[in-house]
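For reference, the structures are reproduced in the following blocks.
Next come two complexes built around subunit A: one with subunit B, the other with subunit C.
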Partner chain A sequence: MKKFKLLLVASLLAIVSMAFLTSNINAREAERVALNEVQGIPANASVSSEWAKYYPRQYDSWKRTKEGDEMEDLLKKKPQLPVIWAGYRFSIDYNSPRGHYYAVQDNVNSLRTGAPVDDLTGPFPTACWTCKSPDVVRLMEEDGELEYFTGKWARYGSEAVNSVGCLDCHNPKTAELAMGREYLNRGLEVAGLPRFEDATHQEKRSLVCAQCHSEYYFKKTEYTDKAGKDQTAMVVTLPWHEGLTAEGMERYYDSIDFSDWTHKISKTPMLKAQHPGYEIAKTGIHYQKGVSCADCHMPYTQEGSVKYSDHKIGNPLDNMDRSCMTCHRESEDKLREIVHTKFERKEFLMEISMDNLAKAHLETGRAMELGATDEELKEIRTLLRHGQWRWDYAIASHGSFFHAPEETLRLLADASEKAQQARISLVRLLAKYGDAQYMAPDFDTKEKAQTLAGVNLQKEIEAKMKFKETLEKEWHKQAKAKGLLDEANRKDVDLESSYFKKK
Partner chain B sequence: MKKFKLLLVASLLAIVSMAFLTSNINAREAERVALNEVQGIPANASVSSEWAKYYPRQYDSWKRTKEGDEMEDLLKKKPQLPVIWAGYRFSIDYNSPRGHYYAVQDNVNSLRTGAPVDDLTGPFPTACWTCKSPDVVRLMEEDGELEYFTGKWARYGSEAVNSVGCLDCHNPKTAELAMGREYLNRGLEVAGLPRFEDATHQEKRSLVCAQCHSEYYFKKTEYTDKAGKDQTAMVVTLPWHEGLTAEGMERYYDSIDFSDWTHKISKTPMLKAQHPGYEIAKTGIHYQKGVSCADCHMPYTQEGSVKYSDHKIGNPLDNMDRSCMTCHRESEDKLREIVHTKFERKEFLMEISMDNLAKAHLETGRAMELGATDEELKEIRTLLRHGQWRWDYAIASHGSFFHAPEETLRLLADASEKAQQARISLVRLLAKYGDAQYMAPDFDTKEKAQTLAGVNLQKEIEAKMKFKETLEKEWHKQAKAKGLLDEANRKDVDLESSYFKKK
Partner chain C sequence: MLKPNKFLIFSALGAFIFAVGMFAYTVHASKALSYLSSDPKACINCHVMNTQYATWQHSAHFGNATCVDCHLPRGDFVDKYIAKAVDGWNHSVAFTLQSFDHSIKISDDGARRVQENCISCHASLTSTLVSNADKYHTFDDSSVDTGRRCWECHKGVPHGKVRGLTTTPNNLGVKEVL
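Let's turn to the complex of A and B:
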């Protein structure tokens, strides 16, 4: 009988606990539902601070992308780069990326974007704002996509003023995940994949990132504008027509005879991989196991009883407790070590492939000096084009060594193989022209490499400084006048050119 | 009140179920304990069928390694191999491995082991039996390790007659995991790792495999035998003195000026990686997460109420329900596809590195013909030695593409890089000797490749057939007379030379 009583008490205790738990769950659910309901419609949706009153936690965490303020001069760190990119503006300036908070200003500050003097000067088209600002979503909506993609970059200097923010990924009316850049849907369509609207919620948690963290090119598109005038738009286009692989995109680019630039030293029609982060991640084990970008880069966070997505998008290793450890059961230290080994393997093969590519360009240049013909160099240049494409594709998205380590290593190895094949043919060709023992000059510092690439750095810096004193100030004034800009969110980004701040 | 009664009934039901479950667990535990107790001591422990009466399930599953009877002519499949291995007996014959059941006979049948005519003829030392038979554990115990490692392979033809079996991994008195090859402990010691006896049970589940699935070389060891005579043993030695990595072992081999053979075409002092399966697996994610070899290759199996380790060691993809699916939650098809992609990446880089290595050997041969000196070829030969070592290390253990895909790809890429570096130098050298445009001859069939490698295949086959008609028959007779051999377990293995059976 005593046993029975004990059992009864235990059972009752269990029931009370469960009831308590249920009530707690219900309370949380009510809160969750309330949070997920539309809180309000931001008046000026491209200005992220307008969303703050409805989504204060998301906004505050977004603002913390400001903490990702390290900037490293990658041309200094990897002096093969200016040689590899000779004739392309990446050979002038290329830094490690800062947080989303800085995207607009880093675009303005980069020596790559040059020093326009008015709305009509280049060097780049408007498309170069596309991934920097939610104002682009607004402009495409206001002006139409083709109109947005027409003209020079400087045209929107006073319009694209808010850095990557809320409107880039959210519908301002419903706050749902949304995608204001229609070229992504066109890319998905040519690849035979579901459009954004038809994708699952989990897929959308990667696709909003894929708007920008993808490979693209500027497709020359003729059209007639509203005024009946013939225009040419340079439309951001995802080259996914033959699949989302390095080889598929290469086939596509080859088929349309596309090149981003002609290499200054080797006269090779080159491809520049942009940042195919989405595509390469799709070949990796995390994506294949259903992990989205947001799962690790925007982990769910608990504050009191509220759970929300952390909008401080950055390195998941900075908050492993909320990113990795929700699935993994190893210690953080052990996982960190595993990631570090992946990084080192990539670095090792990346160095090898860059060395070989740089040397192959220089050896091609030497062969040309000695009289080698385009016909003799045809196969070599194809190897260089394809090899460098693979190298760039493998590493341009930075995180690929982790997202898809095997695919990254495979591509880097193939890049190097192609460069080496070119080099073997080049020694044979140089032998024919009497210089088999030619050794490419040193490119072990940024200075040497930029000299080989014909970069006049001082001139670029001076022009940029002048631009910052004049046109950029004008843009700023205009943006303020138009009420487009939340000045608080440009703090600490533009005091001086980031060029002089970086390590 | 009705509610209360219902609760009471539910609680009582739960208690009854739990009691039932407990009793079931207890019954199983009793059975498990009984099974784990020593069942008996096999009289003739090197004969696996002697263990069968005590461990019938383990024995039956071991016997099923007979089903792994596919044999593919890898020299035919990858005709770069005879060129790469020119001057080494691997260039004569190299097949994909069959199940443990066939290990002894495949060793006897291989053209590699040649055609001895008596106990004193080679080409190989006794060490070549070491991983083929539990008789080796017996011989080392009976004769002592140094004595066992003395003399020619043919010496033990009538002794090493049972194929890889129980005694290789189990103590015949306690049936516990055991390791009868002391060189493994010496390897662990020089690497600073715990000896077998001090390892955890989970580690032992890999270490028993590591006895054979590791890199080794034959260390020339002088000693005085029991009769007071000076002898030279060729002792299996694990080169783990500078760590269990490809680079560490290479440093060790270089430091003792060791080479397995001198390449017939390029006269390079070469290293042959054996099968560093254990070492390379240690760099992979499964091992790092604590998975042992046995977890996947000998998965736990349920028969009625008995659970035991499946001793049909083979491809885990053949029984994914018991290997992969105990941890993974994807579908078998999806996992299979992931594994297949890993395989394809490896194949791709493996082909590239083999092509470059083979060409580099041939180009070196050409440079020598034209008068290139050893001094001129020194650096090139070092690149060839190190490059080929990496290639071989990366793939010799077959499963590396899965066990450690990233390390495998890294090593293959580095192998190719080194071969290509050699080739670039070789074109420059050939240019100096007036033949910059030299192209290595074709090696796209086994026949062409063996001709380049100077293999007289017909002679090897004839000698082997004669050996099979004479000495091998004698070995068989003697082994039967000594009572060492369970003939039932040699069935279907030696009707004819496997050389003629393979695809």
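Let's turn to the complex of A and C:
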């Protein structure tokens, strides 16, 4: 009897383990077959979860951009910033970026976007939604590009409700890479580069990112709308007319007398670099060797039989095995150390240039108090404008220290040099007006720096909180009624900002 | 009504027969017998090797050498099947549990085998090289630890310089199957 008991137990064990094994094998085979099948077309393409039915892995990995939830108050970390940006809304609130999953909410929560009370209140134009949501692609198609770029930011509060997603980079019919923002093609054209449609697939894997990770400004454009009314659109425009370099863009901005704002302390007409990630990356060795943004930030990955591109866009160092190690043959630790050293070098020069720029603004302010004339300050202000532009251009796209370390350090050194030149002239000027010993006041905390910059933070926060209780709630209600809002994908997005923590 | 011991005998035999049938099915589903062949398509049964298959297929080695010609010991039947069994076991565990690295690296033992096979196929070439340049290379030493490997210089042979899934960006699914 014992023999049969043993046989029974052994057979059952064998059956169970083989059942697991065959189901695993068959599942892989089914994946392989499914992968080669034609996919369907998502119905409501600006809602990313609609794509999930056909591209479940891409969608799931996109959703994991939610894990990039760390937010750092950069004004606190680098208190030179409020002084450098005095008079501009960046001096009020500026945080490290979170994952794509949070783009819409972070735009809404930022103190920079102010506290509108209706569709017509500012401070910013509709252009501020442009890179936050696939709904923008839909709106540009429905309303026309010029109509989209007309009016105040708050106008589309109930329309731009889904965060950066599928439709931003893909054609819903074919799922091929696509560009939903025509201004990129206009930028490529003025730069003498091939249009998106004429680019190679590998270039497209960077160009879809360049739609947003680029330098831009809002160009005033007059037009007559459908109702025959004269309107002014503020159109996102890439300043690539003189090339994709910091100096080229500076020449272009100077030639059209453009300034983003006038500095509150030094009264200098300033430029604010947005995030020239694409332009800087193009000067770096990886791009020049033919590596696209997606190669490192969306590396190919394998799940069972299925190979796909990882849509959890973030730091490539989080999965070096799939990003770096496909080409590099050193150890992960060694590569990580190299990247870290690049970062340290950038931090070193960045701190110096920021200190010099901030002090130069304050010293200019003091010279003005003492009676220095605009004529006397003309050259100093040009140095400040150009120096700060270079510093901002070098660091605004975050990854530049890695994408193009030499270019980043070159720009930071040049920024420092220009700020120092300004400060030498300022010492002379201050001496002329009897205050050669002037020392710029401390700005070693966010509070001190914001006081110098004339920021009333409390007032901004109060207004924003009121907005969040009223108009923002109204936006949600309307978006839900229109069937635009995918509430599951707005979960937990509103737990943190620089001025509140609900976690 | 069956006596308890008879019930045990019948169910034990029944389970055994079922297990045998199931085993046959597993052999069929996993294409287990294909692993006894030297057809390169057997190596992409598990889909992870698609990249290696595709890069080999477009290389100069295609038509001259198959996967096993480079990767398994040649000549010695016993060595070959031991290597096959060990590799096969490691591969199937890694694939079933999905525990492998995405930039697959050759094992030391595998590297030794490939090096030996490079030399054995390209014997006349390597012997000339050895006689000319034995100060720089130790081709006659088959141990990987001390000798330099052929592909340290011939980086693109035969799989391309980029390793991992990036090598074949458009190769999303297996089209060729056994």
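Here is the rule we use: the second predicted complex is superposed on the first by the 459 of 503 C-alpha atoms of A that agree within 3 Å, B and C clash if a C-alpha of one lies under 4 Å from a C-alpha of the other, contacts with A are read in each partner's own complex, and residues count from 1 in each chain.
Convention: contacts are C-beta pairs under 8 Å (C-beta built on N, C-alpha and C of every residue); 3 or more make two chains touch, one makes a residue touch a chain.
None of the values given here were measured: they were computed from a predicted structure.
**Q** A:Leu8 contacts which: subunit B (first), subunit C (second), both, neither?
**A** Touch partners of A:Leu8: subunit B and subunit C.
**Q** With the two complexes superposed on chain A, say which partner A:Ser416 touches: subunit B (first), subunit C (second), both, or neither.
**A** It touches subunit B, and subunit C stays clear.
**Q** Could you say whether A:Gln288 touches subunit B, subunit C, both of them, or neither, answering first, second, both or neither?
**A** In the superposition, A:Gln288 contacts subunit B only.
**Q** On the A-aligned overlay, A:Gln437 touches which partner chain: subunit B = first, subunit C = second, or both, or neither?
**A** first
**Q** Touch test for A:Tyr308: subunit B only (first), subunit C only (second), both, or neither?
**A** Once the two structures are laid over each other on A, A:Tyr308 reaches subunit C alone.
**Q** Have a look at where A:Leu120 lands relative to subunit B and subunit C in the superposition and call it first, second, both or neither.
**A** neither
**Q** For A:Ile256 in the superposed arrangement: first (subunit B), second (subunit C), both or neither?
**A** neither
**Q** Applying the touch criterion given at the start, work out whether A:Glu406 contacts subunit B, subunit C, both or neither, answering first, second, both or neither.
**A** first
**Q** In the superposed view, which residues of subunit A touch subunit B and also subunit C?
**A** 7-8, 11, 15
**Q** Subunit A touches which residues of subunit B in the complex?
**A** Per the touch definition, subunit B meets subunit A at residues 7-8, 11, 15, 283, 285, 288-289, 330, 334, 338, 341-342, 345, 348-349, 352, 356, 405-407, 409-410, 412-414, 416-417, 420-421, 423-424, 427-428, 431-432, 436-437.
**Q** List the residues on subunit A that touch subunit C in their complex, please.
**A** 1, 4-5, 7-8, 11-12, 14-15, 18-19, 21-22, 24-26, 28-29, 32, 35-36, 201-202, 295, 299-308, 321-322, 325-327
**Q** Okay, in this complex, where on subunit C does subunit A touch?
**A** Residues 5, 8-9, 11-13, 15-16, 18-19, 22-23, 25-26, 29-30, 46-48, 50, 96, 98, 101-103, 161-167, 169, 171-175, 177 of subunit C touch subunit A in their complex.
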